[in-house]
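Dropping a structure here in structure tokens format, bear with me for questions.
We call the chains A, B, C, D, E and F, going by the order they appear; numbering starts again at 1 in every chain.
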Amino acid sequence: MDQKKIAIYPGTFDPVTNGHLDIMVRANTLFDKLIVAVALSPKKNPLFSTTERVGFIKEALNGQDKIEVHSFDNLLIDFAFEHKASVIIKGLRAVSDFEFELQMGLMNRNLNNQIETVFMIPSQEYSFLSSSFIKETAQHGADIRHLVPKCVYDGLQIIRK
Amino acid sequence: MDQKKIAIYPGTFDPVTNGHLDIMVRANTLFDKLIVAVALSPKKNPLFSTTERVGFIKEALNGQDKIEVHSFDNLLIDFAFEHKASVIIKGLRAVSDFEFELQMGLMNRNLNNQIETVFMIPSQEYSFLSSSFIKETAQHGADIRHLVPKCVYDGLQIIRK
Amino acid sequence: MDQKKIAIYPGTFDPVTNGHLDIMVRANTLFDKLIVAVALSPKKNPLFSTTERVGFIKEALNGQDKIEVHSFDNLLIDFAFEHKASVIIKGLRAVSDFEFELQMGLMNRNLNNQIETVFMIPSQEYSFLSSSFIKETAQHGADIRHLVPKCVYDGLQIIRK
Amino acid sequence: MDQKKIAIYPGTFDPVTNGHLDIMVRANTLFDKLIVAVALSPKKNPLFSTTERVGFIKEALNGQDKIEVHSFDNLLIDFAFEHKASVIIKGLRAVSDFEFELQMGLMNRNLNNQIETVFMIPSQEYSFLSSSFIKETAQHGADIRHLVPKCVYDGLQIIRK
Amino acid sequence: MDQKKIAIYPGTFDPVTNGHLDIMVRANTLFDKLIVAVALSPKKNPLFSTTERVGFIKEALNGQDKIEVHSFDNLLIDFAFEHKASVIIKGLRAVSDFEFELQMGLMNRNLNNQIETVFMIPSQEYSFLSSSFIKETAQHGADIRHLVPKCVYDGLQIIRK
Amino acid sequence: MDQKKIAIYPGTFDPVTNGHLDIMVRANTLFDKLIVAVALSPKKNPLFSTTERVGFIKEALNGQDKIEVHSFDNLLIDFAFEHKASVIIKGLRAVSDFEFELQMGLMNRNLNNQIETVFMIPSQEYSFLSSSFIKETAQHGADIRHLVPKCVYDGLQIIRK
């Protein structure tokens, strides 16, 4: 009997965008279970707390069972192993993304050869989208309601005030 | 009950290399069934016939059930649909590969949004390897036994004579 | 009094796609006159004749005055000079496009420093689109009516039969 | 009657280099009016104050009417709209520049589809030049007089002491 | 009589990895003398002191005469000139490395045309390896003994405690 | 006693440009002997015969002893071994060049680990220059006398007539 395939989709998600959610929905159809893994990333000095970042994703995913959302602060490869995941998902928008992620994927394979990294393509309409752009433009009052889930939009408005 | 996940790994495979086989083995662990799809590619003027290219892969995969090998001459996306596949696998060695494959993936999604393209990383030791290099160097007598399956090596020797 | 700014948009256009037309419309708003310049490109062995390629563009642009369509077989920089153009327009979809076009732009500047090359971004929904993809997929019966003007679609159907 | 074409050339310009000035002169020939827009960029922790950065550009451009220099701290796309600009100019030195600017251009188009981003090529002799390199090497006493306008050179000497 | 060829291999080396050592050994065979030049790099806020970074390299190179290790805080091109070096060595893992180093190489040539930058390829097994990855993963307890010399591994263990 | 360092600079050189000559002069200062190796490259369908291509380089190099010019039709790595060379020189103009050459370098190292590939940067003023551009523009009558040696210019004129 085939084993269940569990996939991890890691990131800082500060905050989650419609581009991230698009990858989650696509990845969810390919594997038996998807775990969204929110990195604490203290060095990136996130705008939102880990609790907020996890909360935004859970609220935006409302109704999508089969997707779990966790935070983690250990090595990604160890987190994957603990959750019996055999796949790490990365969304690729750009060539520079790819090269960095290729190096990360080889590094992770070097640490644990049982876990594969696979790359997916977000929907074209989100190809320019990044959490940094969202934070930068929202701070200046750009209308980004079509680019993030409602809870994130609301969260950004509170911070702006 | 979850549906079986069927993946397609397409290419010209003229001839198959150890890098291709590495991707096949990796992809095979992630999905319920893998179909290797050998494109006729008449415009590329292949060195080996379609029958030879399919034959090399079957011989090299000897013993790997769950992997089927077919040739095809229609649109990849139509071939995938006919075989109930929901995933197309591409191996990425280089940044220039990625950009071309990203465009292909978006094109294919435009034609059929139900089929995802996912990218995988071959083993580092094959990161420089391509069928063109194999043909070019084998023709000049380079010893490439560690880079291709034995049947391909033998096939290249016959052509050289 | 300011001089009229005339821009050239060169290409093989075998055949013109909605991505090319998108660039034409955008470029047309930026300059006083736009000349679409269809290169004969005999080395590329085009599917459509120069007359057909020019005809498709004229038909698709129907009603857009200020845009002229010509074929040319001399150096682009000489063609631009003859038509008093000071700008060459190139559409950039991908990083690999950019690098090639950057070299071409520097080469052309080396031959005539009075003519600038400027790069524009096509609409995201056409970022994967190329004439080669159109020809390849149309030949296999893909439905590409949303990607090319009607006259090109009809022209491709005739060739297929 | 054609409307006047107004272009914006944005940047941090900390400090302006001969490469920036080269783009300004080239862009100025293509459009009816050019506005150099100096971003406050407090997050980049600039070496020179906004007033100094604007002052250097004005002094270096001495005699070039048709070019205005302003600072701004709002969204670029809003600044462009306020000044009735329909074009944003970016100079591209490198492939990595291009990819970032392509994403920015798509983001800005998403916020305001009436404003086009166009990319120009600086003169080859400045293709390696960046404000960071200037600051880094000037601090160590490199002779960079041929790479920046005189006022910038003088400004860097004062800081060094 | 030919002059001795002296090469410089500069970096922050925070800490040195087996990938760096691989380049040192390869470069050492090509030139008459190799000088490893450890940049103070205070802006990068290094984990190890300059003394520690120099010490690790000396210990790891134990027995390789013909290789000197120095620290430097002036312009690389001035350091090279002082040591009569005519070549700067850079190891290239990735395309993004290349573009940055190409700009640096052109900048350095602009400052001193007598000193050439040459690029070398590290061994494939270290193509994913960087000092940042080492620090990041070691901090989380990854076993990286096959990726760094023993003295660096020990140094990282002490810091972790 | 140190062994003499012999370097190979391979290419099709159809025809040699000032960019190639710039790399030859630079490489010649770094190693004890430089061998320019002209590949027959029948698949590229060269414009000039091997004899002509070798002849152009010899004439252009007139007076540079220490540089030999040979043609070759075997594996580059075998040609290098026969001539006791330990270094292969490649000039890098662009990111896409780099990626292809990186793969070639790894392939060649795989076949013979004793021979290093090193990359050099041509002079900025030739960064756009390629033999293809020369042939394409010369055929249309562009004045390229500052981009190629006189003998190549003359050779191109004869062909044009």
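Everything below uses one rule, namely that contacts are C-beta pairs under 8 Å (C-beta built on N, C-alpha and C of every residue); 3 or more make two chains touch, one makes a residue touch a chain.
Treat the numbers as computed from the prediction; the structure is a model and nothing was measured.
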Seminar exercise, completed: A correct list of chains touching both chain E and chain F reads B, D
Exercise. Which chain lies the greatest distance away from chain C when centres are computed from Cα atoms alone?
Worked result: E
Exercise. Thinking of A-C, which of E-F, D-F or A-E forms a repeat of its interface, with over half the contact pairs identical?
Worked result: D-F
Seminar exercise, completed: A CA-based fit of chain A to chain E gives a rotation angle in degrees, as a multiple of 5, equal to 120
Exercise. Is it true that over half of the residue numbers where chain B touches chain C are used by both copies, so same, or is it different?
Worked result: different
Exercise. Using CA atom averages as chain centres, what separation in Å is found between chain B and chain E?
Worked result: 38
For this session: With chain centres taken as the means of their Cα atoms, state the distance from chain A to chain B in Å.
Result: 30
For this session: Let me have the rounded angstrom distance from the C-alpha centre of chain B over to the C-alpha centre of chain F, please.
Result: 34
Exercise. Of all the residues in chain D, which ones touch at least 2 other chains?
Worked result: 95-96, 99, 102, 105-106, 124, 127-128
Exercise. Name the touching chain pairs, would you?
Worked result: A-B, A-C, A-D, A-E, B-C, B-E, B-F, C-D, C-F, D-E, D-F, E-F
Problem set entry | Contact footprint of chain A on chain D as seen in their complex | 74-75, 77-78, 95-96, 99-100, 102-107, 110-111
Exercise. If you look only at chain D, which of its residues touch chain E in the complex?
Worked result: 93-96, 127-130, 133, 137, 140-143, 147
Problem set entry | Contacting residues of chain F [partner chain D, same complex] | 95, 124-125, 127-128
Exercise. If you look only at chain A, which of its residues touch chain B in the complex?
Worked result: 2, 5, 26, 29-32, 86-87, 92, 95, 98-99, 102, 105-106, 109, 116-121, 124
